[in-house]
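So, here come the structures, one by one.
The two complexes that follow have chain A in common; it is paired with chain B in the first and with chain C in the second.
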Partner chain A sequence: MFQDILVTGLVNGSAYALLAIGFSLIFGVARIVNIAHTAFYMLAAYFLYAALVQFGMGVVLSGVLAVVSVTLLSLVCYRLVIEPVRQHEAAVLIATIALALIFQELALRIFGGSYLGIPSAIEGVANVFGIAIPWQRLLILGVAAGVLLLSWFLLYRTRLGLAIRATANDLEVASLMGMDVNRVAMATVAISVGLAAIAGVSVAPVFVVDPFMWLAPLVTVLSVVVLGGLGSIKGSVVGALVIGYVEAITVFVLPQGAFLKGAVALSIMVIVLLVRPEGLFGVSFEEER
Partner chain B sequence: MLPSRTLALAWVVAVVLLPVVVPDPYVLRVAAMTCIFAGFAASWDLLAGYAGQVNFGHALFFGAGAYGSALLSLRLDFPPWIAVATGALIATAIGLCVGYLCLRLRGSYLSLATLAFPLILIGLLFAFPDFSGGELGVTGLRSLASSRIGNYYVAAGAMLVLVFGTWAFADSRFGLILHAIRDDELAARASGIDTTRYKMAVFAISAAAAGISGALYAHFMRGAGPSTLETALSFQVVIWGVFGGLATIYGPVIAVFVLYPLTEWLGSFSAFGELRLLIFAVVVLLVLLFMPRGLTPWIRDRIETRCPRCKQQNPAWRGACRVCGAGLHVAQGGPLQRSG
Partner chain C sequence: MFRILVVAAAGLLAAPTVLAEDSIKIAIVGPMAFAQGENQWAGAEMARDEINKEGGISVGAKKRKIEIVRVDSNEIQSVPDATNAMERAVTREKADFVIGGFRSEAVLAMQEVAMDNKKIFLGCGAADAKLGANVEKDYERYKYWFRVAPLNSPGLGKTLFAVLGSIAGQIRTDLKKDTPKVAILAEKVMWTEAIVKAAQANLPKMKMEVVGLWQPSPNATDVTAELAAIDRAGADMVFTALSGPVGVVVGRQMGERKMRAVAFGINVEAQKDGFWEATAGKGNYVATLDTYAEVEMTPKMIPFVKAFKERYHKTPTYNAGTYDAIHLLKIVIEQAGTIDANKLVPLLEKTKYVGTGADLEFDKMHDPIWGLGKDTGIAVQWQNGKKVPFWPTEVKGMKKFGLPGES
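Moving on, here comes the complex of A and B:
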């Protein structure tokens, strides 16, 4: 059981980290609470299924196709739906909820409501320090680590990253310094949804794929992001691992734990909001709390 | 008479006369559900639209009312009406707790925290299936009235009381203070308003109204299930509120009266049945793109003009204000013009 907790927590935690960073970025830069974030993750899993199982393309090609097409789709959605209503905070919220519902219903219509299985990219089980771990889970870990490193490089070592962090820090001042905040927002949307799509593609063979698979991770990502601090990259990673392990412990140790794992993660979120609303690594702005 | 008041009166008459004109059981059932959800949407608007506490877990109060009254009826044999009242009281108590916990939170943080509460409650209900009925919920409640028309009038009467009650609250001094808290809480506090007390009060009132709706829903459906607490219902009420127009009370009510029968009607076609949520979402999206402030403010701007001098509403066809006589169609923003 101890090994199970160790592996499950790490794998789920890294998938949550991919989702949470994107969610946190888009909130920081554009102040959009993107309810459709995990719906893009769900879409990526379905696109992978279509390319891999229905059209019989290769694993790598299908994965890349799924990530690229979901990212492009997100940009189209942003331009057509979110940007026209950016001035109205409530309207943005509803627009993202409506988008998520539309994706869910489209997936339901096209692929049906049943659980779909996707073959693993690499079959078989690896033996690490006497613990049997399926290769696919190790792959998730590798992908997550690589992508996290890449996004760290992008955010902290490039001019675009500087612009994104500056906009997240203070939108008006960034705009005054001559940054095109709309284009920064577009780039952030692409990066954020791209990360979600990568998460969707890599976990699809391990988790079940169904049209409602976006709701549970959405709730978890919210608690991760709040725990780590909204807008903080480091916080999202640490928060994701903490929540991943807490969920794994709840499921394996408590009776009826599978029902309680969401409740436990959310209780952590509520406690963090009450005790330290800026989260573990977030910066506190008095007027934004 | 103002066009909007005429429409409101026509709506009340239509709600009261519906069973006489169309005694069809299916129509009555949909109409009763519409009424129940209208009261629920009005309660959300009081909290989110007026006080600015954008609650993403409003289903918590609805579910608390539903489960509270259902469990009291079934486990402790409470008579239905007392069960409804007690369910509403439970919801009020939960509303006070949530309000207390959320006192220091604002904006997105408040929305995220409130989103969590109903999901925590669902987790707890699922973990104790013997008490709560687990994923299937509890069934076997008695309905409040014996006949179909009676049940409709219970729902419609409760809805009218809830809607006009919240409207009266929102239009009073209390509502004005809520506006102030939403727009600038610090300034409100500096003006000597005990914002803590008002926020707690609005959470309690809103939760009570939502709890009554939930309890009526449980007795109308003769049971309560996890669907009364789900995120889907919380999102639904947010959609109704924003679609209709925030901080109006009548906006969300109209949104329910437009959207709920529409989705039910679409669901009755076998070709559209599975598409109804999709159509619902697309309609909401399109309306938002063209009327980002919501449906009712857009319509009201078309049929009424606001007097630039005394801020009274006037029918759109009048040339001069009905109260102060100032010209209504003066060019905005230009140099001062004298007319009327």
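Moving on, here comes the complex of A and C:
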């Protein structure tokens, strides 16, 4: 059972990490709580379905098209919906909820409520510590690791990354130093949604594609980022792994309570908020200006 | 000239109202954006077209056409939406009868609204036993409720155990296992409670060992942990009770893991033609209770399934029982010569109707009476992209149940 928990927690945690990194990044830089984050993930899954299954394009081309299309769409949404109300946090929250619901209803109208399946990019099963793991799940693990490395490189080894970190550190000072904080925020939105789209494209072949597939991951992502610390990428990764393992332990130790997976994640979120509101690696609220 | 035009225009405007007043209005209430609602609507359309083609329903000396009204309950997403939909069907649409419903929690709420308004409500989706128990408990209030499809959950349980016994027999013979190990995988919702309890009590009596109970959410998108645990427990069979999208996930992930255990039970998603595509071709060997296939369960089943496939290009699910529900209404309305609900209820209670899916006869809870040759449903299994019927074995057209690993 120990090996099962070890492998299942790692694979599921990596999928959560892919989603949580982007969510955390956009909050850390632009202070945008993007509730539509997982709705973009859902859209990427639908774009992949349309390109791969309906139009018969190749896996790689379909995946790239899905990620690029959703990223471009996010920029349009940012300019039209989020930017005009960016100064009002509550308005941003409501606007992104509205966006998510619009995407959900559009998907429902266009594709219907049926559950759709996408073929795996790599077929077959690998044997890890005596546990059968489909190759597609190991691919998710690889993509998560690659994306994590790429995000680190972007943030710590490029001028854009420097600008993003400076803006995240102090928006006003970055603005006073002549940085175009709006453009930085826009670039961050693109990166953040791009990460969500990569997550959607990677996990869609192992999950079921439907218009409501964004809701459950949203709860998990919120738990992950609160646990890891809102705005902290390192925290998102650690938080994702913790939630992945807690869920696996719940199912293995308490099989009759498997449906409580989500509730356990939410309970962790509430406990962390009470005991350490800034999360494991987040910035303490008192330190913020 | 102007006056003539005005009168003609008024006449044209009034014409539909006259027709509407003359017709019998039946509200089809269901989750219309989903397969369940689509099937309910499709079954109702077929019945309406057949009956209207023959001039309609004879109410006394008068022939009245059927008008069906599509009411989206959105109940898969929201129970309150379902109650509002039922209110709309009864008060705004002024439906004479209501047919449909899918999710037990929503149908229980909708049942209250229909009973408040003394409307005959023929269920074509929910299995929870409480819907029928209400009739027994408070007959005067709930007598307007009848369940056309599916069987109630204890009835479904009876069929499940009959099929399970047959599969266990095959495992004993083919795999040489005297006591097959069974994992129960049931989503955590109201309708599965009775089935889970019955499975835990009955399977050991049927010489099967229950290795555990796993209860994911009906909307779970990932059951790898559950399946890994089931694999670890050495299960030969996975007894499923799933109605939500988790049914697709279970089918797909069992296939991906190449599990040696075979899944059988209720898997509503596996009843749909789209299951094979939804599992990306991984749902081989998944078996479920079902209602319709091209087999001779009743004399009407094969012609109905063929006509449905020709018109809608898919096999009907049990929700298409709206077809039988409307025909049943026609019979009792013609007998009574009225659409008065209080006069129709006693007739519905007495009627024996050979439907497309079963020989319908209601018990004192207004549930279909279970029994071989009456109403049991059928069992089907996905084999290489095709849904193959395999139970009741004595019915003409049934095929052999397949076990993973068998050629």
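In this section, the second predicted complex is superposed on the first by the 279 of 289 C-alpha atoms of A that agree within 3 Å, B and C clash if a C-alpha of one lies under 4 Å from a C-alpha of the other, contacts with A are read in each partner's own complex, and residues count from 1 in each chain.
In the analysis below, a residue touches a chain if its C-beta (ideal position, glycine included) is under 8 Å from a C-beta of that chain, and two chains touch if they have at least 3 such contacts.
This structure is a prediction, so every number in the text was calculated from the model and none was measured.
Student: Please work out whether A:Leu101 is in contact with chain B alone, chain C alone, both, or neither, and reply first, second, both or neither.
Tutor: A:Leu101 contacts chain B only, not chain C.
Student: On the A-aligned overlay, A:Gln256 touches which partner chain: chain B = first, chain C = second, or both, or neither?
Tutor: both
Student: Check the residue A:Arg79 against both partner chains and state whether it touches chain B (first), chain C (second), both, or neither.
Tutor: neither
Student: Which partner chains sit in contact with A:Arg183 here, chain B, chain C, both or neither? Use first/second/both/neither.
Tutor: neither
Student: One more residue to check, A:Met269. First (chain B), second (chain C), both or neither?
Tutor: A:Met269 contacts chain B only, not chain C.
Student: Which partner chains sit in contact with A:Pro119 here, chain B, chain C, both or neither? Use first/second/both/neither.
Tutor: So A:Pro119 only meets chain C here.
Student: Just checking: does A:Ala91 make contact with chain B only, chain C only, both, or neither of them? Give me first, second, both or neither.
Tutor: In the superposed model, A:Ala91 contacts chain B only, not chain C.
Student: Residues on chain A in contact with chain B in one complex and with chain C in the other?
Tutor: Common to the two interfaces on chain A: residues 108, 215, 256, 259, 261-262.
Student: Can you name the residues of chain A that touch chain B in the complex?
Tutor: The contact residues of chain A facing chain B are 27, 31, 33, 35, 81, 84-85, 87-88, 90-91, 93-95, 97-99, 101-102, 104-106, 108-109, 215, 219, 222-223, 226, 230, 256, 259-264, 266-267, 269-270, 273-274, 277, 288-289.
Student: Quick one: which bits of chain A touch chain C in the complex? Just the residue numbers, please.
Tutor: 1, 4, 8, 11-12, 53, 108, 112-120, 125, 131-132, 134, 136-137, 205-208, 210, 212-213, 215-217, 247-248, 251-252, 255-259, 261-262
Student: Could you list, by residue number, the parts of chain B that touch chain A in their complex?
Tutor: 54, 101, 104-109, 111-113, 115-117, 119-120, 122-124, 126-127, 231, 235, 238-239, 242-243, 246, 274-275, 277-278, 280-282, 284-285, 288-289, 292-293
Student: Which residues of chain C touch chain A in their complex?
Tutor: 31, 33-35, 76-77, 187-188, 212-217, 219-226, 228-229, 231-232, 245, 248-249, 252-253, 256-258, 269, 272, 274, 277-282
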